[in-house]
Amino acid sequence: MAHDPAVAEAADSKPCAAYLLGLADDAMVYAQRLAEWMTNAPQIEEDMALGNLALDLLGQARALYPYIGSLDGTGRGEDDFAMQRSERDWRNVHLVEQERGDFADEMARLLWFSAYQVELHTALTGSTDEVVAGVAGKALKEVRYHLDHASLWVVRLGDGTEESHRRMQAALERVQPYLPELFDDDEASVGAAGRGVGVLPSSLRDAAVNRVASVLEQATLSMPEPSKWRSRGGRAGIHSKPMGYLLAELQHIARSYPGAAW
Amino acid sequence: DTVGDDFDVLIAADQRIEPRDAMPEKYRETLIRQIAQHAHSEIIGMQPEGNWITRAPSLRRKAILIAKVQDEAGHGLYLYSAAETLGVDRAELLDRLHDGRQKYSSIFNYPTLTWADCGAIGWLVDGAAIMNQVPLCRCSYGPYARAMIRVCKEESFHQRQGFEILWTLMRGTPEQQAMAQDAADRWWWPALAMFGPPDTGEAAKGGHTEQSMAWGIKRFSNDDLRQKFVDMMVPQADRLGIVLPDPELRWNDARGHYDFGEVDWDEFWRVLRGDGACNAERIAHRRRAHEDGAWVREAANAYAAKQASREQQKESAA
Amino acid sequence: MAHDPAVAEAADSKPCAAYLLGLADDAMVYAQRLAEWMTNAPQIEEDMALGNLALDLLGQARALYPYIGSLDGTGRGEDDFAMQRSERDWRNVHLVEQERGDFADEMARLLWFSAYQVELHTALTGSTDEVVAGVAGKALKEVRYHLDHASLWVVRLGDGTEESHRRMQAALERVQPYLPELFDDDEASVGAAGRGVGVLPSSLRDAAVNRVASVLEQATLSMPEPSKWRSRGGRAGIHSKPMGYLLAELQHIARSYPGAAW
Amino acid sequence: DTVGDDFDVLIAADQRIEPRDAMPEKYRETLIRQIAQHAHSEIIGMQPEGNWITRAPSLRRKAILIAKVQDEAGHGLYLYSAAETLGVDRAELLDRLHDGRQKYSSIFNYPTLTWADCGAIGWLVDGAAIMNQVPLCRCSYGPYARAMIRVCKEESFHQRQGFEILWTLMRGTPEQQAMAQDAADRWWWPALAMFGPPDTGEAAKGGHTEQSMAWGIKRFSNDDLRQKFVDMMVPQADRLGIVLPDPELRWNDARGHYDFGEVDWDEFWRVLRGDGACNAERIAHRRRAHEDGAWVREAANAYAAKQASREQQKESAA
């Protein structure tokens, strides 16, 4: 049998689509959560900054969705992915879907997520898939800024007042159960990494942990012990309680007017 | 006095007053009140549209909306900075907003009930804001005038986006068209009220218009701006296919302007006094956010103080 | 022209439908809010009791919706009304759509709403419309119990501890702006009252206020002064901020599977 | 001792032990632990389905669901009352739940991801609960046995409702069918684990089964109940058109039972130890509700005390 590159490519593209969907959904769901801060931030500059972060992540998701729709053969566009998918079809980790907590909770989540994303996009700039490499190159600039922003606040809060130190440390404890999931390898990531398109999440762990550890040290905070329980299953569409309510809000208007353009 | 003299010369020559220039206390107070109210309006004005960020019907619209609300925060910051050049700081101004000593535009006490309201706010409310603000780019007080130049540029972008939301709805399903018309029905009159109560003819004597004009803060009367706004919006409504909710609205060839009906000023005063749909909610939201964030701002100050003293120690050790 | 009773009836039925929709939507939306207490109440008996109240109100709405659908000629059923209507088409007062507060907030709202409902359904048992009179007869038994339940708690909280007294008094102040709307006459209620089908809301005010006043007296609480602002517009489909989010949750699943039966 | 004698006679005669009867301390402790765990399971079990009350896809389903969650609260109350006859009060038992000294059924540490999960819980989880509970209607401890009779009647009603939810979905759109199958896939194995770890053959020595059977608390082994459950559910799954997620599942003519695969006991123990999807969430929710309500319970007590003292004053005055 003659080698048919088109067939081989099609066989390759589905696992990569599944892998990229996890990345896109992480960005999309976290954009939704970050945008909730607008009008709720501790100062007006921070309303703007968190809005900016939300826009960056929304942009990352929007860059990936149509490409995923072409890879998986469905031809779905960004709004098909965002507005028309049920909870079981979302592939984001639990970290990003958790409800907005206090500002320390957000900075703990942002610190970890952006440390992870810096390592992720650094690795993905070397992807064999040019589209992925291109998205990663643009995203890398953004998420470096996100990490700087989170680091700045974590240091300020950790080394600020007694109250802010206590709150920041407590937030680090609360975010802890959601971290291992970021670095879990699954079938899709193994497949995408094997093809050189993606990267094994587990390979990003040490560098991300080191980034966070150095910020915590500067902030006079301590790295929490591993938690008694940990989240699982986001990449397989098994979500936590807040996800259904997040989707209800995200999708309600779009779902209420089937077929309408906006 | 000499203060008055220099100031009057600059005003008469249509020159800018700058922060270091001497100025009458009343001029300073009027500007602080007006700039602060303007800044507060930007900040409170984030809420009605902010209400739709999580529910925007498409990702493209969500991104545009986030960017717009962000711009409003930015405008608030420019304007607080302009006010600060007059010797009052932002924290103090926010306190005055939170405890009701200073106001924000009453338009933001109306609720945003449907997605189309994001369009109507952009088209009508930002449209009216621009009409008010363009002359302020030539305001006699330099920092305010310069802030307004930046603000106006972005506002006209927002106005086009609002128009485009409605344009898309009016070319959509019957439900979408009804949604757009309904939004215009609800926002038209409050938008006209944004120019303030009548201040020409009989009504010219009561308000601040005359003094503000003399000082070069205000360039047109409320009534003139309202007329310009109506004249601008009617053709735009026609293009959209939206019927403006005013049976008296018609072209007057003799005047070269559109005639239009009377704003319900009783409602205007009622809402201004606090009995609007959202007055309580808007301020409560702002206060809660501010109070929730108090520990964060304290921490930032404490950290900055620590850093400063560390720097000092380093220097004295060196 | 000969008198045609069918034509006259059709002309009569639309305003009555609009009037009844207000009553049904009040019950539906308040049922949704009360049901949120399940698993969140201060004691297990109260999880059950508030669930019971929610069921009663849900039942009232379900009894009215199909009848409204026949009166207005659309033939809509209960789920068409509950799941497929947009915010602007809901006719409930703002009182019932407000977010769940603390237990004192709920008892303040329940006291007023059930005092109103007792007067309402007492009057409607004399409706010239047999269906309405029937629904009111059944509802009256229920809402008398609701009023008793609320009264019991308001007295306990008012005459309990210093904290509970303070909280209960504060809740009465918070609910105050939403009360005038319950007793506003509008075109639909004037029309329905004129036909003997409905009753003027304003005619229920004094008796409802008296009911509440006597409970407050027993509870050592005071009737708040009229508030600086008041809610308006619910009966015309002008709602407050929580309504959109309530509908997102209520309708998300139903809207996500168009045409599905459950 | 005589305590033991009377008790043993009653047990041997398969008679009920009543609260005033003497009983061995271990029997009392075992019952308190078991009844409390059972009560806690009803109360925590309100949460997974409670999660769907506000989002139920039709009003009819919403009403049924509210009534069901209400029944669970009621079952919790019967059972706490039964436990109280053994000399421990509800507040104390709730404290033990909240601080982790007592457990609830581990099945409620799984999440309810779709509407179909409300069906699967009714069909599988309530089905397994009934299988466990029907023999408890003949439990040697009277109050527990009587509580179980009331509970079982309602549970079988819930099981039929769960079956009916899935029946409707399986006759619905392809999406609804997939939703039902997915729910069965996720709940089947956890439902089998509800009967507890293996306790026959090799495994008979470790657990409490033997003693509980001797005391007439337990009537069947975990493994027997599990087999009965599988035998009951397979034909129901066939009727529904649902494929149970066990490749080893097949009829064994020789045994007259269905053969089936092994539960993942590692997962079972992991979740039991606290590392399940919802352990932390369930307890946090319960504790928050309990703490939020503390001031209400205090007020109710204070009021009751005031009333009692008023009554007393009236009496002494009379």
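The chains carry the letters A, B, C and D, assigned in the order they are written, with residues numbered from 1 in each.
To be clear about the criterion, contacts are C-beta pairs under 8 Å (C-beta built on N, C-alpha and C of every residue); 3 or more make two chains touch, one makes a residue touch a chain.
A quick map from chain label to UniProt name: A, C = Phenylacetate-CoA oxygenase subunit PaaC.
These figures come from a predicted structure and were not determined experimentally.
*Asks:* Considering C-D alongside B-C, which chain pair is linked by more C-beta pairs in contact?
*Replies:* C-D
*Asks:* Could you please state the distance in Å, as a whole number, between where the Cα atoms of chain A are centred and where those of chain B are centred?
*Replies:* Once rounded, the distance between the two centres reads 36 Å.
*Asks:* So how far apart, in whole Å, are chain B and chain D when each is placed at the average of its C-alpha atoms?
*Replies:* From the centre of chain B to the centre of chain D is 59 Å.
*Asks:* So which stretches of chain A touch two or more other chains?
*Replies:* Where chain A meets two or more other chains at a single residue, that happens at 86, 244, 248-249, 252.
*Asks:* By the touch rule stated above, which residues of chain D touch at least two different other chains?
*Replies:* 55, 175
*Asks:* Which category does the touching pattern between chains fall into here: line, ring, star, complete, or other?
*Replies:* other
*Asks:* Can you identify all of the chain pairs that touch?
*Replies:* Going through each pair of chains, those in contact are A-B, A-C, A-D, B-C, C-D.
*Asks:* What does chain A use to touch chain C in their complex?
*Replies:* My answer: residues 86, 244-245, 247-249, 251-252, 255-256, 258.
*Asks:* Given the complex with chain C, which residues does chain B contribute to the contact?
*Replies:* For this pair, the touching residues of chain B are 51, 55, 111, 113-114, 175, 179, 182, 186, 274-281.
*Asks:* State the interface residues of chain C toward chain D in the complex, per the touch definition above.
*Replies:* For this pair, the touching residues of chain C are 32, 35-36, 38-48, 51-52, 54-55, 58-59, 61-62, 78-79, 82-83, 102-103, 155-157, 159-161, 163-164, 167, 249-250, 252-254, 257, 259-262.
*Asks:* Name, in rising order, each residue of chain C that touches chain B in their complex.
*Replies:* Per the touch definition, chain C meets chain B at residues 86-88, 177, 228-233, 237-241, 244, 248.
*Asks:* Which chain D residues qualify as touching chain C in the complex?
*Replies:* Residues of chain D touching chain C: 43, 46-47, 50, 53-63, 66-67, 69-70, 73-74, 76-77, 80, 115, 165, 168-169, 172-173, 175-176, 285-286, 289, 292-300, 302-303, 306.
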